[in-house]
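Please find one structure pasted underneath; my questions will follow.
Per-chain residue numbering starts at 1, and chain names A, B, C and D are given in the order in which the chains are listed.
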Amino acid sequence: MSPTNYLLLSALLFTVGAIGVLVRRNAIVVFMCIELMLNAVNLSLVTFARMNGQLDGQVMAFFVMVVAAAEVVVGLAIIMSIFRTRRSSSVDDANLLKY
Amino acid sequence: MNTAVMNTAPDTGGNVMLLVLLLLPLLGALLMYPLRTNVPAAKAVAMATALLEFVLVVVTWVGYSTDAASSGERFQYVFSVPWIPAFGTHLAFGIDGIALVLIALTAFLVPGLMLFAWAEKLPEGRTASGYFALLLATQATLMGVFTATDVFLFYVFFEAMLIPMYFLIGRFGGPNRQYASVKFFLYSLLGGLIMLASLIGLYVTSADQLGAGTFTWSDLQSIAQSTPTSTQIWLFLGFFVAFAIKAPLVPFHTWLPDAGAEAPIVAAVLLVGVLDKVGTYGFLRYCLPLFPQASQILAPLVLVLAVIGIIYGALLAVGQKDMSRFVAYTSIAHFGFIALGTFAFSSQAFAGATLYMVNHGLSTGMLFVMVGLLVARGGSRLTRDYGGVSKLAPLLAGCLLLAGMSSLALPGTNSFVSEFLVLVGSFPREPVATIIATVGIIFAALYILWFYQQTMQGPVRGNAVIRALEAGGVGGPGAMIDPAVAAERGSGFPDLTRREIGVLAPLIVVIVVLGFFPGPVLDVVNPSVQSTITEVGLPDPVPAGGVVGGVR
Amino acid sequence: MIALAQVAPLTAPPIDYAAIAPLLVVLGGACVSVLFEAFLPRHQRWPAQVALSVLVVAVAGIALGVYAGTAPAAGIVTLATALSVDGPTLFLWGTLLVLGFGSLLLIADRSVEPGGAFLASAVERASVAAAPGTTSGPTGVDPEHVDRSYGAPGEAPTMQTEVFPFVLFALGGMMAFVAANDLLTMFVALEVLSLPLYLVCGLARRRRLLSQEAAVKYFLLGAFASAFFLYGLALLYGYAGSVKLVAIATAAVGTPKSDALLFGGLALLVVGLLFKGSVGPFHTWTPDVYQGAPTPITAFMAACTKVAAFGALLRVLHVAFGSTHWEWRGVMWVVAIASMAIGAVLGLTQTDLKRMIAYSSVAHAGFLLLGVMAITPEGVSSTLFYLLAYGFTTLAVFGVISLVRNADGEATHLSQWAGLAKRSPILAGVMTFLLLGLAGIPLTSGFTAKFAVFSAALGDGMAPLVVIALVFSAVAAFFYLRVIVLMYFSETPEDGPTVTVPGAFTTVAVTLGVVVTLLLGVVPTLVLGWAGAGGLTG
Amino acid sequence: MTAPPEVLPATGAASVAWLLFAIPAVSALVLFLAGKRANAWGHVLGVGSVLASFLLGVVIFVQALGVAPDQRTTELSLYSWISSGTLNVDFGLRIDPLSLTFVLLITGVGSLIHIYSVGYMAPHASGHGADADAHAEPSSDSSRRRFFAQLNLFVAAMLVLVLGNNFVLLYLGWEGVGLASYLLIGFYQDRPSAATAAKKAFLMNRVGDVGLALAIFLIWLNLGTLQYTEVFARIGELSGGTILAITLLLLLGACGKSGQFPLQSWLPDAMEGPTPVSALIHAATMVTAGVYLIARTNPIYDLTPTGRVVVALIGVVTLLIGAIIGCAYDDIKKVLAYSTVSQIGYMILAVGLGPAGYALGIFHLLTHGFFKAGLFLGAGSVMHAMNDDVNMRNFGGLGRKMPITFVTFGLGYLALIGFPFLSGYFSKDAIIEAAFGQEGWQGWVYGITATLAAGLTAFYMTRLMIMTFFGEERWRNLKAPDGEDYHPHESSPVMTGPMIVLAIGSVFAGFVLSAVGLNQWLAPSLGELQESPDGALPHALVPWLVLACSALGVLVAYLVVGRRPTPVQRPEPVSFPVQAARRDLYANAFNETVIERPGIWLTRALVFLDNRGVDGLVNGLAAGLGGGSARLRRLQTGFVRSYALSMLGGSVFVVAALLAVRFA
């Protein structure tokens, strides 16, 4: 099965993630969608590694996972803090700053 | 002749005179800050600075050699040190006759203006020291803009000029000052920025032609002829917009009436009398020599604007209700004449235009001062609030009439010489434009006499006058006032005081003397004008005593 | 590199420690300061952290200076070609360090806001802040915060010192970001600089909700953007078989692979970077975050983040995509114009000073793009110079803003600045000068920088864009002017804000900014020399 | 024409000719600056200065008589006035018979009128005010000082005008006298009518000045010089078209200054000024500057017959208009004013006849200077006696009350209507002869109109005489405009003296001047006077014809006015011709409808355009930006998801665009 399909899949996942960011209100879910985008990228990285016959891509995927983990830590901390003050995790409630 | 070779300044300094002229007022302005609480001392220091500056300028004038100028030395008092090598800019100063007369005008006006502002009532919370500091700062930037021989440096002063003037209008101006000052600043800034584009273009062009980019005027002039015409046109347009806004030419003029009307009188005089001259000066010093072909190709455009300005400004002046706006519009008409002379490419027209810059500064300056004196007495800027003043204050009326006569270029006043030179010099190349412009002198008479009749002649009338008189305990509405009686009863509308006479006397003397003996100024201007002609590369249209056209 | 990996898989690559010393110092210092947070007693933390961070920046600066003295003009590539330490890198490092130093001073100042601008813990004030109606209004000032004595034990807990390690990490990340020679390093650096910033945005003592909201927005959008960056990375990897900028450049010249990968990758990559540089239309986070974040942090972001983002953008576009610039320049034109237009036009009607400066930074990002787009040595040097000049000016501006306060913290609403000149001529004068600098009036660094960038652009055949840029800078000048008009020409409102006497730190920072703004306007030669010292090496 | 005599440097008294105008100028300056201090002796200085320059003029004149005619044209270059590039204008004087003649006229008549003014402008003279000052500002010393200052200024300017040796200097004097006339017409500053009249005069003069200026430009463009001698020497090189253009433009200037058609309507209004001013400026000297201009530039006019025809026609039209309107007015000064218009018409006609007429024009100019000045002074004396009333319907029978005035005025009247062997007879008839002397239609047209006008002149002057000095004393049962009774009385000697002198002049000037050979004297400047051939009508007949015509005019006047009592109220309505004449043949109406009103509308329109249009555009742009900004910032909704959307949109655009650029 040609690796191109994996690329298409990853593109699809990336798009799904992006759309999710746009449509979902819950901060956590939005954040998860971003994670989805990152993992979509991982998929394509690995695929490219395969196509290029290298390991670099796979190594990069690991890098990305680590970074993503770090992002989760920070992100959850922030979302928690705002949840505590507002008792709500909807991103649409946080719109005092505008215009 | 290649002026660049002989004029490229040594990068090892040179004559520091101009540097002093630039820094002295700046120093004075800075001194105002420690003195901000001690107003009398501040005034004294400011006046001393202005007078010293004037003396120095006189010295400079005396030291300026017309022979050297006519023997092709483009600039004198040359000073130049490298500034930003990366941009090829220099701190380069130098004056030719054209610049000299303009700095002389500036240095001549400022002390008088300070005397005028001596007892001026400022808006609450504003100190005279700040006022005088801004005046001096303006003077410094003007000195810089006229003496710079590096285009980049010129631009720097061109923009820097705005700031003190902006504060003068905005802090010390009339009721509508915020609008006026911001409009003035943005309008000029826009023009300046468009010019900046051309400036950069000029730099890039010079880099292409000379290897290394430069801003030295002489070098740029030396490559002017070899610059492709298309490039020249673009660069010219950039400069043109800036100068047309500054001058201002119709239709870029609408900021001037607002600024001129809202600005305090002294600022208005500096603004209209000198600062706007930077535009016309720019045409003469930068547009023509640096873009000769473009100037010739686009001259018709400018001439049309100029001629429109002459008629349009005059008619609008008649239609004004506000005295300051009236003066501003007359200036727009006058700038039309200057622009006409500048783009007629003959030594008479150039000399006339240059002289016109000076004379307009004097006559319009005096007109503004007269308006200021009226407002100081009546407290209103509207023309219809005044009438029959000549019965109450004959001296004032006389001075106003003289200023007006100078403004309508009556022979025997300074302006006639310049206007005559402009017209006679423009006629050979631009007969049509000149004829229309000549018709413009009728309108000039119209608006001046109309204004004089409104305010000075006829029976004593007008709210402002009556109010002042009643305040002074004389007469009632429409009362016939006997000046003598009014005087002894302490009229609320007094004639000129000694201080005011002191402000006006020098102006009057210069206006009349230059009318009969323009020689000294013309001698200084002519050589530089000749060089400009050479740089433009057009021969004089009318050779000496030579029959040119219409020969049988 | 591939070859190298196969031949000698076990030999560690050579490392030029001297070259990367500044980076190491900063990152190391960050770790140390984390340890401080962990082990020092509270009342000692503040002085210790301040001392440490200042020391770290100083040492890094010295290291940089020492190396720069001996550095090869061509620049070197080290750490297995992960980092490229060349002229621009050194310049940017220097810029980042100085700006970082300034920001640290602002952050460290406890005299302006009693006890410093940062809250002990997000939780502590939750209840207060959550109370209705207190969102942007006053959130209670506890009496113990009123006294201004330094380091007193009773006061220690009020100052949140974890901001220091965060800032140091961010700084390190930025330094790595601008030096990164391959996309992966760049990505990691991007995260290293972003994550701490997300956090510190939420640490404001006042206006908790705004601060947290800013943090959330910044975080979500930032993560979103880095996802794009990463996808672009992936595509480019697929195209070039490597993420090294040079490799991409060589691949772009001759590769059978479809250019779709190349340009798709480029586009996504650039989007990620433009986001960081707050270039319109990827600027949307900027106003909100600038307004919500604690002012010192805003200063840090406005100054340093821009430097980092454009440094990286410069490297990517010049090293990796210099050869193909005819394809992407058109698009970048549109982006630049959009950014200038958005910044200039939207800035006109802003009523909050911090938001206004945010839009100004968007406009400036547009101007910067002109320099970045010019694939010439002048393009590089002018951009570098612009970054330095802009960084200092904007840093000082925020420093000044932090001084104008009323009962409930900083008075950033424009109306509150009316007639300020009467109460504090000095401050008004400083602000005026800085604003004129932002407007690009001659004799300020802003003008020199604009001139450099625009002449580079014009020299590379972008005359129309230059004219457009100049028109927009005229438009932008209006809102700077508005502030000046307010300060000088308007009458003071009754309950006008007071101007706090700045503490030593803020004073130093603002002075630094003003002096640099002036010097770069009058005698920029030296700095211009540095900026033009060497080209980019991949 | 004869070859122009060579020009010699001025010697002897002529070498200080600049004092001629310097003295009055300095005196004017002193009077202006000295302020109230000079009130006591101001008028003395004023009179003295003019007398001084008159004496100097006489000396120079005598000196000139001493040398051969071809030695009489001298020049005196003072300094280089305006010099730029190839243009060089000297402040130089040309002292030749023509200019000397004018110098004598100006300073001579000027002195007399100055003396007269001492009495006329005297503060609070004879009970009630000496003049309109009475009910305006009280005629104070300072106002008299101001008057003399301005009068001196005028004399100085006028002398510069006639003495200058180049066109620019001429222009200087030209506008200088304009200014003086403006100041003096508007002397009674609180009379709005005076101010308006002054403005009108200045503006209409400016219209003429434009012509003069353009002529100067044209000359310089073609010859590269503006000095008379050089211009006249080389004018022949130019094409006919150019010369014609120059002459017509010069004529426009002349029309403005001399109140010739179509610019005549300012002159009658100028009577708002004090009467001495009307006498000196608007009768004797300034208004004749146009004649001087054409005479001075005779070498140019010699070359263009067409141009001369235009000149002559203008003259003819004007002299007819003036005479017709003169018949209809009741205002004594207005009648005299229109008489002036018509008389100058004669002069213009004369100089329009070319070599056959230049000298005659000057001749008539001189005699007219005498009798018209005398008439005005007489009128002033009458007004002085009649509380400044000018309406002749309120006069009558004054001859008995003020004999001297009556006699002097009468002599002037006789001279004007060309009573045999009085000065008018010589000068006017000569012109009419020359007019008939033209061949073809010109002769008939010029001649007959001139003769007809002579008749009309006789009519309106007789009417004036009768209404003023004869008949019943209508003023007895009337109140003066200022509400007082009339107390007619003879004026003081200081006023009657000059009147007598002028009367003598008007009697003998004509005879003397023709006897001593004015024409030969002027020949060096104007060329030999060519005796015109018997063109249309033999010269023998002309005097009789004119005489008959004038007699008829007198007779008609006597029948219409003298025989029946003059109604105090102006009869209304009257036949159309009279109505038209009373309305200045609708000249003012024309100006008003064609120039003034449209001008006002245009101004208003432009002001609107400037505020709403030009400035509106600027402000509109600003407002547009602001509005756009206010709308756009709404897009910054504060919802993080919409931000994300915009980012995504941006990214999609960038990707799409890049790919498009690459693959399309």
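Methods note: a contact is a pair of C-beta atoms (placed from the backbone, for glycine too) under 8 Å apart; a residue touches a chain by one contact, two chains touch by 3 or more.
Everything numeric here is computed off the predicted structure, so don't read it as measured data.
Peer 1: Among all chains, which one's averaged Cα position is nearest the averaged Cα position of every protein chain shown?
Peer 2: B
Peer 1: Using CA atom averages as chain centres, what separation in Å is found between chain A and chain B?
Peer 2: 66
Peer 1: Cα centroid separation between chain C and chain D, in whole Å?
Peer 2: Inter-chain centre distance comes to 80 Å.
Peer 1: In whole angstrom, how far does the Cα centroid of chain B sit from the Cα centroid of chain C?
Peer 2: Inter-chain centre distance comes to 45 Å.
Peer 1: Would you kindly tell me how far, in whole Å, the mean C-alpha position of chain D lies from that of chain B?
Peer 2: Going by mean C-alpha positions, chain B sits 36 Å from chain D.
Peer 1: If I count partner chains per residue in chain B, which residues reach a count of at least 2?
Peer 2: none
Peer 1: Name the residues of chain A that each touch 2 or more other chains.
Peer 2: Expected reply: 18, 21, 30, 91, 94-98.
Peer 1: Got the chain C residues that touch at least 2 other chains?
Peer 2: In chain C, 216-217, 220, 224, 287-288 touch at least two other chains.
Peer 1: When you check every pair of chains, which ones turn out to touch?
Peer 2: A-C, A-D, B-C, B-D, C-D
Peer 1: What residues on chain A touch chain D, complex-wise?
Peer 2: 18, 21-23, 25, 30, 91-92, 94-99
Peer 1: Under the definition above, what is the set of chain C residues touching chain B in their complex?
Peer 2: 422, 436, 439, 441-443, 447-448, 450-452, 454-455, 458-459, 463, 466-467, 470-471, 473-474, 477-478, 481, 485, 488-490, 523-525, 528-529, 532
Peer 1: Where on chain A does chain C make contact in their complex?
Peer 2: 7, 10, 14, 17-18, 21, 27, 30-31, 34, 37-38, 40-41, 44-45, 47-48, 51-52, 54, 56-57, 60, 63-64, 67, 70-71, 74-75, 77-79, 81-82, 84-87, 91, 94-98
Peer 1: Under the touch definition given earlier, write down the residues of chain B that touch chain C in their complex.
Peer 2: So the residues of chain B in touch with chain C come to 83-87, 125, 155-157, 159-160, 162-163, 167, 170-171, 177-178, 181-182, 185-186, 189-190, 193-194, 196-197, 200-201, 203-204, 207, 213, 234.
Peer 1: Across the complex, what residues on chain C touch chain A?
Peer 2: Per the stated touch rule, the residues are 2, 122-123, 126, 129-130, 135-136, 184, 187-188, 191, 195, 198-199, 202, 208-210, 212-217, 219-220, 223-224, 227, 230-231, 233-235, 237-238, 241-243, 287-288, 291-292.
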